[in-house]
Amino acid sequence: MRTISYREAINEALAQELERDESVIVMGQDHPWGGVLDVTAGLFSRFPGRVLDTPISESAFVGAAIGAATRGQRPVAELMFIDFMGVGFDQIFNQAAKFRYMFGGNVRTPVVIRTMYGAGLRAAAQHSQCLYPVFTHVPGLKVVVPSSPYEAKGLLIQAIRDDDPVIFCEHKALYDTRGEVPEDSYTIPFGQANVVRDGGDVTIVAIGRMVAMAEEAAKELAANGVEAAIIDPRTTSPLDTGTILESVGNTGRLVVVDEASPRCNLATDISALVAKEAFGSLRAPIEMVTPPHTPVPFSDVLEDLYIPDAQKVLNAAKAVVEYRR
Amino acid sequence: MRTISYREAINEALAQELERDESVIVMGQDHPWGGVLDVTAGLFSRFPGRVLDTPISESAFVGAAIGAATRGQRPVAELMFIDFMGVGFDQIFNQAAKFRYMFGGNVRTPVVIRTMYGAGLRAAAQHSQCLYPVFTHVPGLKVVVPSSPYEAKGLLIQAIRDDDPVIFCEHKALYDTRGEVPEDSYTIPFGQANVVRDGGDVTIVAIGRMVAMAEEAAKELAANGVEAAIIDPRTTSPLDTGTILESVGNTGRLVVVDEASPRCNLATDISALVAKEAFGSLRAPIEMVTPPHTPVPFSDVLEDLYIPDAQKVLNAAKAVVEYRR
Amino acid sequence: MTDTLREAYRLMRTIRAFEERVHDEFATGEIPGFVHLYAGEEASATGVCLHLDDRDTIAGTHRGHGHCIAKGVDVKAMMAEIYGRKTGTCHGKGGSMHIADLSKGMLGANGIAGGGPPLICGAALAAKQQDTGGVGVAFLGDGAGNQGTTLEALNLASAWHLPAIFVAEDNGYAEATSSAWSVASDNLADRAAGFGMPGVIVDGFDFFAVHEAAGEAIGRAREGGGPTLIEVRFTRYFGHFDADQQTGRDGEAAHENLDCLKRFRARVADGGEPAEHVLDDIDAEVAKLIEDAVSEAKAAPKPTRDDLETDVYVSY
Amino acid sequence: MTDTLREAYRLMRTIRAFEERVHDEFATGEIPGFVHLYAGEEASATGVCLHLDDRDTIAGTHRGHGHCIAKGVDVKAMMAEIYGRKTGTCHGKGGSMHIADLSKGMLGANGIAGGGPPLICGAALAAKQQDTGGVGVAFLGDGAGNQGTTLEALNLASAWHLPAIFVAEDNGYAEATSSAWSVASDNLADRAAGFGMPGVIVDGFDFFAVHEAAGEAIGRAREGGGPTLIEVRFTRYFGHFDADQQTGRDGEAAHENLDCLKRFRARVADGGEPAEHVLDDIDAEVAKLIEDAVSEAKAAPKPTRDDLETDVYVSY
């Protein structure tokens, strides 16, 4: 199969949906010029009038996407960096997320908010955050964190066709990652984890870019005779709890790898789920591999220390595998 | 000792600090008239020029409080409802929270953001949220959730004297709750949990207003011969992990009661902590008592079902106490 | 025109009667939560919404009952919603501050000051994309006129050249804080120029003035002429939320002299149409409607445990 | 005055030389992350900051090197910061977009468009509370002029009657989006009236024009006359961030004709003071300073594992 980048996969998903469904519109800063990292390149001229530039007014244009979604459009708005949520969050969490419940079910808000997250580009504290735990916390939102080009395309097409508000979190350090992606349109359903790797000794749940770290660690583990199952939830809300619990049922051991800040994040969320629902099968403490409780540092030395890497995943996996009461 | 309300305790803390320290200033909507629920009553006329009214411009005035904090003031700004964070969050999490780290330690930002949280007043989806998990997630913020008038006064005075940005979360359904409060000024250090009740059979960690629910449940449990320890963390960031782990070390059983939405909240955070650090002593699944993953409903019937209550805490505690592998 | 006038009177009277009754009922303690009453401001919602039809969308404020009624939301379902009943517009899940009916083009009252204007940019954008000739109208208070979401929306509406109208209802206060202080310019309408759109000021007790200004703005928007900011001025009747300290209530005198219904009656008496007895009949019909709305609401079932976790998502 | 002119030239030359060198060094790949260059806009930061002293606070933008230098932040420490070194202004934790030095009254460059204006309301408030006669100055780009945080701050500064100055640097673009499109009014300064303050427009390549307008606004603010919005206009030299597609670069011609340094030299040549050789000496001093700054930065140690978790809180 042909190989394309994560960036191209997203661009293709947008193009195919713009093509397929007239109600899809796309908006964001600099969109006539492909946006800040070229993700929407070419769409502006290819779909006249349906790809909109916006002022630096996140509340207004994200809110506009939401309002338009209630009136028959399927807007895809880009919050350039997820770090900018602070100037547009009300429209997302108090409006879009709550409409359906507050209005007694009498509305659909099929809006997608695409946004870049994650560390690794030396972009420092205000341009490197994960923050998907904040969106996951909010009832009424769906949250997608694709780990590969294949996931990115299928999940974005699903997001656009989905009738609920979706936060679509793209890791900026993955844009150049390449992978096999079908040319035809396809969807990946929400709430269905991908079992990246099977294994009976330890379960590693990893989010977004962390899936790659887990895979690297798993290779190393396998070389040492330890077979790790790797689960990529793909969507953090809804979360495929069944697949996680089933795997822990087999392995009795869990490591959760989350690039987000450590307090009240997905690592704690998934640990807590397992500590409640699969306690009987647990044979070791649940390890969490996360960054420290600090902002993201600028310096390359510090940022490299900050981000969870394969070595840290490996250490955590070893610790739970070797654990004896 | 004299008995005053939670509202009065907060008012008194503000008044005493305004009196003691010239650099303290207080601001918020309607402050000349005591603010929306009379919490700041009387301060405007008693401290001329130091209690400021604000327009409905949360980014601007919360940001101003933060800016003033870097320039020698100790501002206390009121975000009337915590639900309004969506229109002022950037200044809190990207500015105040990150200054010290981004600037290499060369700044202090002693700002307090007082804010009302919680359900129970039939105020519906946009005026009843907890959201302290979101602030707890952010490195650089301290988060305080006082459960009683005594805690409210001592923690607020500490917050004002503290050199870091503090989010001070007042439960709106507690304002009329009365309790013993010393007249003199005192502080309660951050990161020190209050052991509300000792007990060797099960540990219940409860946040804010949920402490009262836990106490009710504990009475019932005691009547049945089960002694519950109740831990009120008082601050969710920093979190007193030692007291929690020690208690679970004794009881081997944990219930966490959190009024916040269930995903990536404090219940998951504390569960995960224990599943990692005290796995060896755990003798039962960790139960979490939280609302469902829905916005807060308006109808009294639904809101009462939504909020965790003593009965639910009791059921959870019974389940973990009766658990057999 | 007589039809329009009859309809105008009926809407204003319905809003007034609805709000006065909610005021009384709230005092009994049976209505949960908070209610913010629109009484006194009827001419604004009515004068604007009479120009609107199915293509158009409005967003209300926390003081939203009037906007809903003027846009045609069912009055009985509204009352049931305020009582938190299953028969309510939102099945009891929203309450006074969140009444919405998308099928009527009402995108919701809003608990967030400044919540509506961005959304209405979206409704206007949808109308433009679908080429329906529809418009979006955002109502907002003077206090909400200082919220960044509102100010951004004004600029976006101009930049995108949207068929959007912003109706700033300046009743003199945001809670107890006066707009004379909080709005740093003399008038909210002065902000329009900074966002590249016309700004006009009208007397909010004068239905005819509002109706005319709104007609012009909406007409221009429908024809592709872009957004307008209309500042509607009045004095608040009741306190901020019902049963509060009534700060901002400028005395009974205001009630006497500054009343869109009285002014309307005086004005149409001069013209002779609609006849007084027609208006009296409307009063009676409305009184009955409100009476029925309250008794039906009180008799209606409340939601049950089964309703708690539904309607969060379309699918999950 | 000659002193002021010498200082003005020195600052502008320092900024220019700093930015041109960062541009070259960035191309080598040794500087991590992104840099946004202020070259071409020197007259703005310089013309404003020359009026400021220790009582005063400024907030910069993502394009913040010039603001820092003009407010007296140590150039060598800045360069080290851009290289992510432990000797940097922020010990390598902040980087180009977060250089700050509170001891110099520099409250930080800012990665958030519109991040600074609210903060500067606070700095101005503190100066007012402490009665120091100090002012706060927020720099912002044309794009950031559409951000709600900025617009709210304008209103708050007026409502509180703060000694605050908002310097809107309109370089024609926000990334690739033109201000002619994104700012719906003709000029950002047109927004001032809607927030109850004076608004003026000055030529950003003319140090003297900026200096005069800023002097007036800052003087008024110090005397309790409230805030001002100053729009400073220029054409951008480089692309948005260094090494991008260079959209918005209006050709080499702009560089030739629209240059505050060249204009400054031409103007003072007419007056005879400072003499040309004095300016040439400054050029040489600055060149050496920048050379040293770069070599010291490159030689400086990087932070280590011990630095990762420090400086999050004062105490925790």
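Letters A, B, C and D mark the chains in the order given here, with residues in each chain numbered from 1 onward.
Convention: contacts are C-beta pairs under 8 Å (C-beta built on N, C-alpha and C of every residue); 3 or more make two chains touch, one makes a residue touch a chain.
Note that the coordinates shown come from a computational prediction; the quantities given were computed from them, not determined experimentally.
Apart from chain A, the touch network of the chains stays a single piece.
A comparison of the B-C and A-C interfaces places the larger number of contacting C-beta pairs at A-C.
Among the remaining chains, the Cα-based centre furthest from that of chain D is the centre of C. Annotation: 36 Å between the Cα-based centres of chain A and chain D.
Each chain gets a centre from the mean of its Cα atoms; for chain B and chain D, those two points are 39 Å apart.
Counting partners per residue, chain A has 55, 57-60, 83-84, 86-87, 90-91, 94, 101-102, 124-126, 139-140, 292-295, 297-298 as the residues that reach two or more other chains. Multi-chain contact residues, meaning those touching two or more other chains, occur in chain D at positions 90, 92-94, 98, 110-112, 146-149, 152, 155, 159, 181-183, 312.
Taken as a graph of touching chains, this assembly is complete, with every chain in contact with every other.
Residues 59, 83-87, 89-94, 97-98, 101-102, 124-126, 133-134, 136-140, 237, 239, 260-261, 263-269, 271-277, 279-280, 282, 284-288, 292-295, 297-298, 325 of chain A are the ones touching chain B in the complex.
For chain D in complex with chain B, the residues that touch the partner chain are 57, 59, 88-94, 98, 100-103, 107-108, 110-112, 115, 117-123, 125-127, 129-130, 136, 148-149, 152-153, 155-156, 159-160, 310-316. Those residues of chain D whose C-beta lies close enough to touch chain A in the complex are 32-34, 84-85, 90, 92-95, 97-98, 110-114, 143-144, 146-149, 174-177, 181-183, 245, 247, 302-305, 307-309, 312. Residue ranges on chain B touching chain D, taken from their complex, read 25, 49-50, 52, 54-55, 57-73, 75, 87, 90-91, 94-95, 99-108, 139-140, 142, 162-164, 191, 238. Within the complex formed with chain C, the chain B residues making contact are 29-30, 32-33, 36, 53, 55-60, 83-84, 86-87, 121-127, 292-295, 297-302, 305-306.
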